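Below, chain A partners chain B and then partners chain C, in two separate complexes.
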Partner chain A sequence: MILKLAKQPQLIIGLTFISSILVFSFFWTDILQVEKTEALKLMDFMYDDEGKIIDHIPYSPSEVPPFGTDLYGKQLFYQIIDGAKYTILIAFVIAFLRIVVSVGITLINPRANYAFLDDLISATLTIPTTIIAYIFMNTLLIKSSMDGKSTNELIFLQCLVLIGIGIPPLISTFTREIRGILDKDYINNTFAIGARKSYVYYKHVLPELSTRLILIFAQQMIQVLILLAHLGVLAIFIGGAQTLVLGDPMNTVLQDIPIAGEWAGIIGMSFTKLQAAPWIILIPLSCFAVTILALNLIIQGIQNSVEETQKL
Partner chain B sequence: MNQHVLQIKNLHVSFNKKKNKSIAVNDVSLQVEKGQTVALIGESGSGKSMTSLSVLNLLPVNGKAERGSITFNGIDLLKLTEKQMRKIRGNEISMIFQDAIASLNPGMKVGVQITEGLKNHNIITKNERKSVALDLLDKVGFKNPEQVYHQYPEQLSGGMKQRILIAMAVSCKPKLIIADEPTTSLDVTIQRQVLDLIDYYKSDMDASVLLITHDFGIVAEYADWVYVMLGGHIVESADVYTIFQNPVHPYTKALIGSIPRPEMEQERLKSIQDYTFEKDYEGRQFAPETYTYESSSFQAPSSLVEIEPLYYVRFYDEKRMVTTIG
Partner chain C sequence: MYFSINSYLRRLRSTILGILIISILPAVLFGINTQLSEQVYVYSLKGLNVTRNIFPEIYSQFFYSMTIFFTALLIGLLVSLTLTFITTLLPRFLQRMIYGLLTLFESLPDLFIVVLLQVCIVALYKKTGLLIPFYNDYNNPIYLLPILVLSIVPTIQLYKITLLLMREEQHKPYVTVARAMGLSRFYITLKHVFRNILTSLLQYAKTIFVFMLSNLFIVEYVYNLNGIMSLLMITRGAAFLVTALFIAVPFSILFELADNYNASVNKQLKEKNAA
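Entry: the complex of A and B
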């Protein structure tokens, strides 16, 4: 199977992109020979050779290539590179845990009747997941600021919410898939020779489900990335935000700055300035889009491989 | 006294489909003695496979053995826990399924599958697996066991796959082999090889065989005792010679009559429906009175009557029949 997958160009392109961006994100300071604090420092004004102010923040991509700066003068390029690992890994962990928990719950009793789950899913289908996630995450943010929870605790609880809202539809999907496998004759034959359930699951069900699991995992990563982007627009950041007081003492402006450097945070804190500095929103959104494209290529590669196997 | 390896008494198996309940096996009693091959014969849907799956407690999820007992070497299998039943499956009683193509995992090498039973019953260690598998492959007639060990099921023919299933079934040296239509999906030229193999192991291991089939030709050649099933009931049972020489129940007669006979000139092969259903035998009315399963005649009270020593035929209960007719 792995050999067949390795022959899919889409899959190779997608995987190469994701892994390259991750490697670059972890080692960008070494690769680009820059200091992280220096690269991500706030810039206020732009001076000419004589020290005169010639421009002020935010700077467009033509002024500070390649991506310009955000509202506070931080270079977007470095933010994007540094934030890639958080964004992709958060999506990876959430998608992975959604799959693990859903498969685990399904395997406890694959014959259980989860009809109520289907009803629940169809009933909530018209409500966008972002709204459901927003309600939970916003409540969590308020509660945690009152309780004084640490950033790590908050990230943990936010991840639990993001994992939890994806589980019911996955249980429904896996119940159908696993039942389909358990109904196969060779499973009955394996039980007839005295095999334990755990053996059947480990040796027969999970290997048969593996391709589907990878496929659903990639789909879940896309869902999580989209959800993170949406939540960013609604100013819900993973890890919460620090509130900065900007402006003069007579006319203060409160601004939320995300603590974790993931892409959705960049979108969220600058969304109100979409007209004035569109690149601050469009560049991280494009990064989401390109990452999702890479994941879609991976999905396409897996599907092609499965279809080729079925044709044989 | 004969030694019963398997004794099924008054077994009732039903299926729940939403609010409906359908009876698949109705008051079935049969026994298999040591060293015997017992055939359970009937059309598709007569309840043969459900009877055999009840023995291993492997009924589909919505199926349930509601009443009766299944005793294997003195142990009531219906009273065992899942853990106790697992020790019996494969080790004491094994099953050969009819569809060899679907009964092997296409993604797992033959060598691994063949020793799954031994591994699950902790009979062999991981290091012994290969030598035991090669030995089993050799016993079921593979000339190149080493090559087959590393092959996937899709690389084997139907007959080879069925031999793999037999090797799996006999790997733990069970006392009873349930062969559920083991030749149905096979070419006629291969059928004999497979049945001979099962027969050889039965003799070699002094085991017993419960042979599920719809083919009276196979019954004639391999079975010692025959149970004929129709609509979840046993309608006739006797030793194989008696049934072939003098079948009594009209359904048994129709089944035997449906065997193709090349020596007889006939325009087309006869099916069961071509035979008229005789009504009675020595004043007793046969049960059921029709071949059509969707008939109330299957529900009317009936029982097996010993018409000759150890020769049983199903008739309607006389007293109740008076009521029914009236």
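Entry: the complex of A and C
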């Protein structure tokens, strides 16, 4: 199986891309030989040789290559590299836990029909997932600001919400798949010989499900990434936001700054200033697009290899 | 034929229960009453201390959103079918390339397309002075841009699906027979293959509706449209339930039709296999 997968060029491209981004994101200070605090410092006015001020923040990509700066003068390039690990790992962990939890719930009793789950699913068809997530997250943010929860606690709760939203549709998919496998003749025979349920699940059901699991996992990661981007636009940040007071004392402006440095936060922080500095939004968004493309390549590669094995 | 009132009502009941669970769950989980006031159909505008009743404005908002939605769907369908038709007449390697490009476009998040178009239109205005209205002010609803943007995602999806279906269909015996009879590829595609594809396309209706509804929300939020989805976002409690029902009731009919159609197709397939 793994050998066959290794022959798919699309899969290899996708995997190398994502893993190299992750490695780069973890070790960028060593690779680029820069200090983290130095790279992420706020830039001030731009001076020419004679010491005159020639420009002010935000700088466009042509002024501060390669990606310019954000509204407060932090270099966007370093922010994006640094945020890549959070974004991808959050998506990874949430997609993984969604699948583990929903497979676990399904395996407790694969023949059960959960009526309220069907209700939830038919409702989520008409209400977009983003709105559901927004309702939960917004309430959570109000609650946490009232109670004064710590950042880690907030991140934990937010991840729980993001996991919970994805579980009902997944349970119904897995129920269908697992029932299909359990209806096969050899499973019946195994039970007749006297195998325990846990043995059958571990030895037969899960291996047969494995390719589907990987496919669904990649799809879930894509969904989580899109959901994160949408939530970023709605100004809901993973890890909450810090309110800064900007402007002069006579005319203060409150600005929410996300604490964790993931891409959705960069988008959401300056989304209202889209027309003033479009690159701050478009560059993180295209990073999302490229990551999703890599995941799609992985899915395509797995599907191709499955088709090839079926043809033989 | 494909529709029964009973099963529709069952689906509607299930949807209503689901919406109820969703609207209550945050308050239950986090112990906060999110409904802002005692009055039932009231919501408050973001950042303002004004409360506003959802009736009777909700009707116009609903029809506005639905106009955008269905026009976009229609445009998407027409454009993707025409494109597929042109593609099938192209040589094989170009078809491969187009398919690869479609996979690329499919990975673009809808948000990216929406934002990019907005930026492009402002840039166009700055360069040429040609202004396509891209942002709603309260009294003048805009139609052109949201419809255009909303139609992009279904166009890409439908285009890809029809291309795949076309590829399967072209290897079927009846096409070979028709070719052997000396009919042209143009004629066969138009007369025979297309009709068969249109029926199988209906199977994907549900997925496309769900995708488009989610996309509609993003379009409404980014372009500041005064539609039903943006209302859904700011309402809580009973107002949320009513707003969600405005979407759920008509769309349940569509989902019901699509599901019943799929069930009947699957049944036919099973009978064919059994025979």
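Here is the rule we use: the second predicted complex is superposed on the first by the 307 of 312 C-alpha atoms of A that agree within 3 Å, B and C clash if a C-alpha of one lies under 4 Å from a C-alpha of the other, contacts with A are read in each partner's own complex, and residues count from 1 in each chain.
The working rule: contacts are C-beta pairs under 8 Å (C-beta built on N, C-alpha and C of every residue); 3 or more make two chains touch, one makes a residue touch a chain.
The shown structure was predicted, so the numbers you read here are calculated from the model rather than taken from an experiment.
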{"item": "Combined model on chain A: chain C and chain B, fit or clash", "value": "fit"}
{"item": "Touched partner set for A:74, first chain B, second chain C, both or neither", "value": "neither"}
{"item": "First, second, both or neither for A:196, with chain B first and chain C second", "value": "first"}
{"item": "Of chain C and chain B, partner touching more chain A residues", "value": "C"}
{"item": "First (chain B), second (chain C), both or neither touched by A:296", "value": "second"}
{"item": "After the two structures are overlaid on chain A, angle v-u-w for chain B, chain A, chain C in degrees (C-alpha centres, nearest 10)", "value": "80"}
{"item": "Partner chain(s) touched by A:85 [first = chain B, second = chain C, both, neither]", "value": "neither"}
{"item": "Which of chain B and chain C A:278 touches, first, second, both or neither", "value": "second"}
{"item": "Touching partner for A:98 - first (chain B), second (chain C), both, neither", "value": "neither"}
{"item": "Shortest CA-CA distance between chain B and chain C [superposed frame, angstrom]", "value": "15"}
{"item": "Common interface residues of chain A - those touching chain B in one complex and chain C in the other", "value": "none"}
{"item": "Of all residues in chain A, those that touch chain C in their complex", "value": "115-116, 118-132, 134-136, 138-140, 142-143, 146, 225-226, 229-230, 233-234, 274-275, 278, 281-282, 285-286, 288-289, 292-293, 295-296, 300"}
{"item": "Chain A residues within the chain B interface of the complex", "value": "111, 184-186, 188-196, 199, 203-204, 207-208"}
{"item": "Residues of chain C defined as touching chain A within the complex", "value": "11, 14-15, 17-19, 21-23, 25-27, 29-32, 34, 103-104, 106-112, 115-116, 118-119, 122, 206, 209-210, 213-214, 216-218, 221-222, 229, 232-233, 236, 240, 244, 247-248, 251-252, 255"}
{"item": "Chain B residues within the chain A interface of the complex", "value": "56, 58, 61, 86-91, 94-95, 97, 99, 102-108, 116-117, 120-121, 165, 168-169, 171-172"}
